[in-house]
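Right after this note come the structures.
Two complexes come next, and they have one chain in common, chain A, joined by chain B in the first and chain C in the second.
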Partner chain A sequence: MLKISIDKLSALYDAIAANNELILPVRKAGVVDYASYEEGADVAIDTLKTAKSPKNAFFPQFETLYNVNKKIIPTDASAEEGACEGAGVALRSTLSVEMAPLVDKDFVIFGIKPCDVKGIEVLDNVFLAEPVDNFYKARRDHGILVTMACNEPEESCFCSAFGIDAADPSKAKADVAVWMADGNLYWKAISPKGEALTESVKSVFEDSDEAAVEATKASIEGILAKLPNANLSLDMWGKGVLDDRFYSPVWDEIFKPCLACGTCTFVCPTCQCYDIKDYTTKDGIQRYRCWDSCMYSDFTMMAHGNNRNSQKERFRQRFMHKLSYYPDKNDGMFSCVGCGRCVDKCPQSLNIVKVIKAFEASKAKEGQA
Partner chain B sequence: MSNVIDTLVPKVGVITGITDETPDVKTFKVNAPEGGKLFEHMPGQCAMVCVPGVSEGMFSITSSPTNKEFQEFSIKKCGSLTDTLHSLQVGDMITVRGPYGNNFPVDTVFKGKNLLFIAGGIGLAPLRSVINYCIDNRDDYGRIDILYGSRSADDLVKLKEIQEVWMNVPNVNVYLTIDREQEGWDGHVGFVPAYLEEIGFSTDCIGIVCGPPIMIKFVLQGLKKLGFTDDQIYSTLELRMKCAIGKCGRCNIGNKFVCKDGPVFRFDQINELPPEY
Partner chain C sequence: MQGLIDRLKALLADGTVARVIGWKKGDMSYNPTPAVFNSAEELDEFVYDGFCGANLSKMMIDATKLEGKTAVLLKPCDSYSFNQLIREHRVNRDNAYIIGIACRGKLDIERAKATGIKGITDVAGVEHDGADTVTFKTLYGDKEVAYNEILLGRCYMCKGKEHVIADEVIGESKDTAVMDRFAQVEAIEAMSSAEKFEYFKKELSKCIRCNACRNVCPCCSCRKCVFDSTKFDTQQKANVDSFEEKMFHIIRAFHVAGRCTDCGECSRVCPQGIPLHLFNKKFIKDIDTFYGEFQAGKDPEAQSPLTAFTFEDVEPKIVSERSKG
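Right after this comes the complex of A and B.
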C-alpha cells in the first residue's frame, strides 16, 4: 500500500498523464463527467456519481467504424478516362472501404467506482463474446482502471444487491484500488497492469500499510447497511424466470408514466444497444455507430411492421433484458450494477428498483390471496 | 489502412446480374470485384447488404452454397434501402458482410429425410438456398415436396427455375397456388394453408416454412391438423438488425438474438420465446 497527500494529487495526475491519457471526473458547466485531464481541468475527484457512466471510454457514444470512398464512373468513359471492369462487367461506380484505426495508446480511468467497474464486466460479456468487437477490445486492452472506494454512498445506490463492495475496491476487476482517507489517497495495485502503472508513478508516493484504510472501510460499510435499498431482493429474477415474469400483469400498469426519452439507457453503465448510421462526407460516407435505446419506438421498426409496438412492450424489454434475458445468457449475472443513475435521472421517477419492488409486492399480494 | 478485419466492416461486391422476378422483387447476382464469391455460406444464412449513404439490411442468401460462381439475393421493394437497391444496375458496387447466423441442418437432421417446403411470396427466397442444395445433393435426401403460393401468378418468385429445373428433378413434387383466379393460370387457386390441407401431406417428413407471419400461423395450424409436431417443423425469423453479431440489441427476443442464435429455429424453440417476432 502506498499513499499520497490529497493536496499533492496533481503531482500524481501529472505523473500518470506523462505516459497515458488520463480520464477522470471533471466538472464542466456544473456537471461532472469523465473527461481528459487537461490544463485547467476542474477535477472533481470526490464525485460519487458522474452524470454519465464511464462506459463512454470503452463504448463511445459516437465512433466511426469505417469510411467508404465512392466514385461514379461516367457511362461513356474510355480506358484512359478511368473506365474499369470488375468481376467481368463494366463498372458504373466503385467503392473502397477503409476501417477506422483502433485505439493503440494506453489510457487510465482514474476514480472509477466499483459499480462502474462491474458495468464494464457486463459489457465485456457482450462485446468480447465471439465474434469479438475489435473496436471495444482495443480500448479494453489499452485501458487501465484505477477504482476508488465510495466514501459516501447515497440513497439511490444499491450496488450491494449485486454483490459489489463499495468499501473495498480491491475486490473489483480493476488494476489499481484507491481509498481517500484522512487527507491521503491510498493506492494498491491489484493486477499486473496496475503494478506496471504503479512502477511508472512510484516516485510521487510514500509507503503506507493496509491498516490505514480499515476505518474508512468500516465507515462505508456502516453507511451501505443503512441505505434504503440495502436489502433489495433479486430472488424473483435471474436465470429461468422468463415466462413467469414476461406475462406478469405488473407490466400493464407500471410502464404508464414512461416518456420514452431514453435517458435511463444513456446514463446506464450496462446498456449496450447501438445503432449504425451513415454520415455523408465530401468523398463518400463515414459509417459510425452510436448509442441507441430499446425505449424508442423506431428501435425495432421494419419496413413491414414493428414487433414491439407499444411502450409497455419496450419498457418490459429493457427490464426483462437486464433481469432475465441477460442472466439467462451469462450464467446468472445481472445486467444492472445498482449505480442508481436511472433512479436519479428519470424525469418520471421510473427505475429498475421500482420494477423489482413492484414484482415483490405482487408476489406478496398473491401470497395473501 | 488497418490490418485488423472486423466483422462490422464490409467487403465490396459488384452487382453482376439483375433479374426481374415479379413487379416488386428483383434477384441480384453479386461477385467479388476480382471475380468469384465474396465468402462461403450455408443454406439459411444471411448477409448484411448495404448501399452506403442509404442503409444496411439483413437479407437471406437465396443462392445455394453449391453455386460456386456467385451469390444471389432476392429482394422485395418495400422500404428505403430496398427502393434504392431496386434502382441499381449491373456494374454498381454495394457492400456486403457475412455470412451471419445459423443454417438449416442440411448436413445433419435433414440428411436422408423427406422434406416438405412451404413458402409464401418472397418467403421462397431463404428456402430456395436449401432446396437447391438438396437438389444438388439429391441422393442425400428422400422425397422433396414444395408447396409455394403467391398473390398472383406474376408474384411467384423464380417461376422459371421452378418450372424448368425443380419440376424435372426425380422425386421432387411442386405444388403451386395463387390467391385469386387469373387469366392464363390453369393451376391451383387458393391460399397456401387451405391447399396444404387439401393435399394432406403425410407426417413422414420435416416441414420447412417461410412466408408472411399470417401464412405461417395458418400453415402451422394446418400441419398440426395433419399430425405434425412442433419439433419437426423449421422456420426462419426476421427482425430488424444492425450489427448482425448479437450485440446491438435490436433483434433480441427473450434470451435469443435472431441474428446470431437464429435465424433458423424449430417451432418448439420458437414457442419458448416471448411472442415478439
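Right after this comes the complex of A and C.
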C-alpha cells in the first residue's frame, strides 16, 4: 500500500493527468458532478455523492453514432466544379457514412464509490453482452477506475442491501482502491490496469502499511450497520417473481404522485435505456443516441403507438426492470446498487426504497388478514 | 395535526368529499410524499409538517375529473396556482374542496445538509406549531438549526399569509418574506451582457433535461407538451450543451409568462440546483413594469396583461429601447 498526504493531492492529480484524462468530482455552480480535471476546476474529492452518477463517462447522455454526409456532384466528372443544373450540368448526390470515432485514449475516474463501480457492472451486462456495443466497450477498455471508501455514509445510502462494501473498496471490480484516513490518501492497486497506473504515478507516493486503514474501515462499518436502510429486505424481489409483483394492487396507488419526470432515471448509475434519433444537419443526417426514461410518454414508442399508455405502467416498468426483469436475466443480480440518489433527488420523495417498503407492508397486511 | 386529520376524516365521513389530496408520511423523517387518501384508514398515514413543500394544486387537474369532490390541502402560495388553473379552465372548481392550510415557511433539506448536517436519523421541531429550532438527530451527532435558516428559497420571498381561494382555512400562516421578491433579478440586471451570459451558461449547463421543472409546474399543464413531440427534426430530446439545450428553459419561461404565479416549484425540484425561478421572476418584473402590477392567480377572473390587448399597451420596441438606455 502507498500513501500521500491529502495536502499534496494535487500532485497526484497532476501526475495522473500527465498521461490520462482525469475525471473526478468537481463543483460547478454549487453542484458536484464528475468532470475533467482542468485548470481552475474546483475539485470536491470529499463529496460522498455526486448529483449524477459517473455512468456518463461510459454511457454519455448524448453521443453521435454516425453522420451521413450528402454531397451534390455533377454526373459528368469532367464538368466544372461548382456547376449547377441551371447551367445545363446534370447533378447527382452521393452519400457517405462516417462512424463517430471510438474512444482510444486511457482515462481515469478518480474517487468513484463502490456503489457506482457496481453500477458499471450492471451496465456491462447489458452493453458488453452480444451484440457488443462498440462505443461502450471502447470506453470500458480505456477507463481506469480508482474507487474510494465512503468515509461518512448517509441515511439515503443502502448499498449494503446489495452486498456492496463501502468500507473496503478493494472488493469492488475496479483498478485501484483508495481510502482517506488520518490526513492521508492510501492507495492500493487491485488489478493489472491499476498496477500499471500505480507504476506511472509512483513517484508522488510514500510506502505505507496496510494496517493504516483498518481503523477507518472499522469506523465505516460501524456507521453502515446503523444506516436506516442497511437491512432493507429484498426478499420479495429477484428471480421468478415477475407475475406476482406485476399484477400487484400496490402499483395502483403508489405511482400517483409521480411527476413522470426523468430525474430518478438520469441520476441513476444503472438506468441504461436510450433513444436513437436522426437529426438533419446542413449537409446530411446526424444519428445520435441519448438517454431515455421509461417515465416519458414517448418511451419505446413504435409505429403502432405506445405499449405503456398510463403513468402507472411506466412507473411499474422502472421498478420491475430493476428488481425483477434484470435479475431474471442476470442470475439474480439487481440493477439497483443502493446509491440513494433517487432518494435524495425525487421531486416528490418517491423512490425505490419506498416501493420496496410498500410491497413489504402490503405483504405484512395480507398476513394479518 | 390530529385535529386536521380528524377534520379530513369528518369530510370523508359526511360525504362532503370522496378523497383527499395531502401528504403521506415518508420512510424518513423529512421525505413525505404527496398522496391521494380514499378512506379514513388511509389517513392514519397522513402528515403535514415543514417538509410538505410540494404544491398539490396540479394534482387537481386529474382529481377534479373524478366522481365526487376532492379535498386538497393548499398553502397560501399554492392557492394562487389553483386560481390560475381555474382561470385556464384546467380544473373543475365545483369538484374541488379547498382546505387552506397554515404555513410558516417550508423547509429545504438540501439547505439543511449544506450546513454540514448528514446521516439524519430523525428530525424534530418541524410541525406547524413546532419550535423555532429544528433538531436533527444524525449518525454523526445532534445538530440544531433555526427553522427560518433552512427554508426553501421561495419562502424568503413569501407572497403572504393569505389564501386567495379556500373553502375553509385551518390554522394561521406566517409571512416569511425577508427580502424583496425581485432583489435576485435586480442583481442579474445589474450585470453586463457578458456576465449574464456566463452566469446562465454556467447554471444551465448543469441541466440534465429530466423535465422535472416542466412536469411539476402548474402552468405547464398542456396535455401534450411540444417538447414531447416525436415529430421534431431537432435534437430537443438530447441534452446537448448547445443553443437549443439552453433555449429549452427560455422557451418554457416564455410559455408561462403572464401565467406563472411564482410558486417556485421549478427551483425546488431541480436535481441540479438551477435557479430556474429567475427567468419567471424576470418576466413578472417586466410585466409589472410595462403593464402595471399583476399577480397571476390572485383573481381567477382577471385577464393577464399578455392576453388582454388594449390601445394603451406599450409597443414591443420598449424592450430594445430600454436595453439601449
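Please note the rule applied: the second predicted complex is superposed on the first by the 344 of 369 C-alpha atoms of A that agree within 3 Å, B and C clash if a C-alpha of one lies under 4 Å from a C-alpha of the other, contacts with A are read in each partner's own complex, and residues count from 1 in each chain.
As a convention for this text, a residue touches a chain if its C-beta (ideal position, glycine included) is under 8 Å from a C-beta of that chain, and two chains touch if they have at least 3 such contacts.
Not measured: the values here are computed from a predicted model.
Once the two complexes are overlaid through chain A, chain B and chain C fit side by side, free of any clash as defined at the top of the document. When the two complexes are overlaid on their common chain A, residue A:Asn307 makes contact with chain B while staying clear of chain C.
Of the two partner chains, both chain B and chain C are touched by A:Asp275. In the superposed model, A:Val241 lies in contact with neither chain B nor chain C. The three-chain arrangement built by superposing both structures on chain A places chain B and chain C 100° apart around the Cα centre of chain A, to the nearest 10. With both structures placed on the common chain, the touch criterion links A:Lys329 to chain B but leaves chain C unconnected.
By the touch criterion defined above, A:Val97 lies against chain B but remains apart from chain C after alignment on the C-alpha atoms of chain A.
Looking at the shared chain after the overlay, A:Tyr296 reaches chain C, while chain B stays out of its contact range.
Once chain A of one complex is fitted onto chain A of the other, the partner contacts of A:Arg287 are limited to chain B, with no touch recorded for chain C. Touch criterion met: A:Pro228 reaches chain C, while chain B stays clear of it. Of all Cα pairs spanning chain B and chain C in the superposition, the closest are 7 Å apart. Overlaid on A, the two complexes show chain B and chain C touching the same residues of chain A, namely 275, 280, 292, 301.
Residue ranges of chain B in contact with chain A, taken from their complex: 1-2, 4-12, 14, 16, 31-35, 52-56, 78-79, 82, 89-95, 238-240, 242-243, 245-255, 274, 276-277. Chain C makes touch with chain A in their complex at residues 26-28, 31-36, 54, 59, 118-121, 138-140, 202-203, 205-206, 208-212, 214-216, 224, 228, 230, 233-235, 237-240, 268-269, 271-274. Contact residues on chain A toward chain C in their complex (touch as defined above): 28-31, 33, 48, 51-52, 61-62, 152-156, 223, 226-229, 253, 256-257, 259-263, 265-267, 275, 277, 279-280, 288, 290-293, 296-298, 301, 343, 345, 347-350, 353-354, 357.
On the chain A side of its complex with chain B, the touching residues are 65-66, 68, 70, 86-102, 126-127, 129, 131, 133-135, 242, 246, 272-276, 278, 280, 284-285, 287, 289, 292, 294, 299-304, 307-308, 313, 317, 320-321, 324-325, 328-329.
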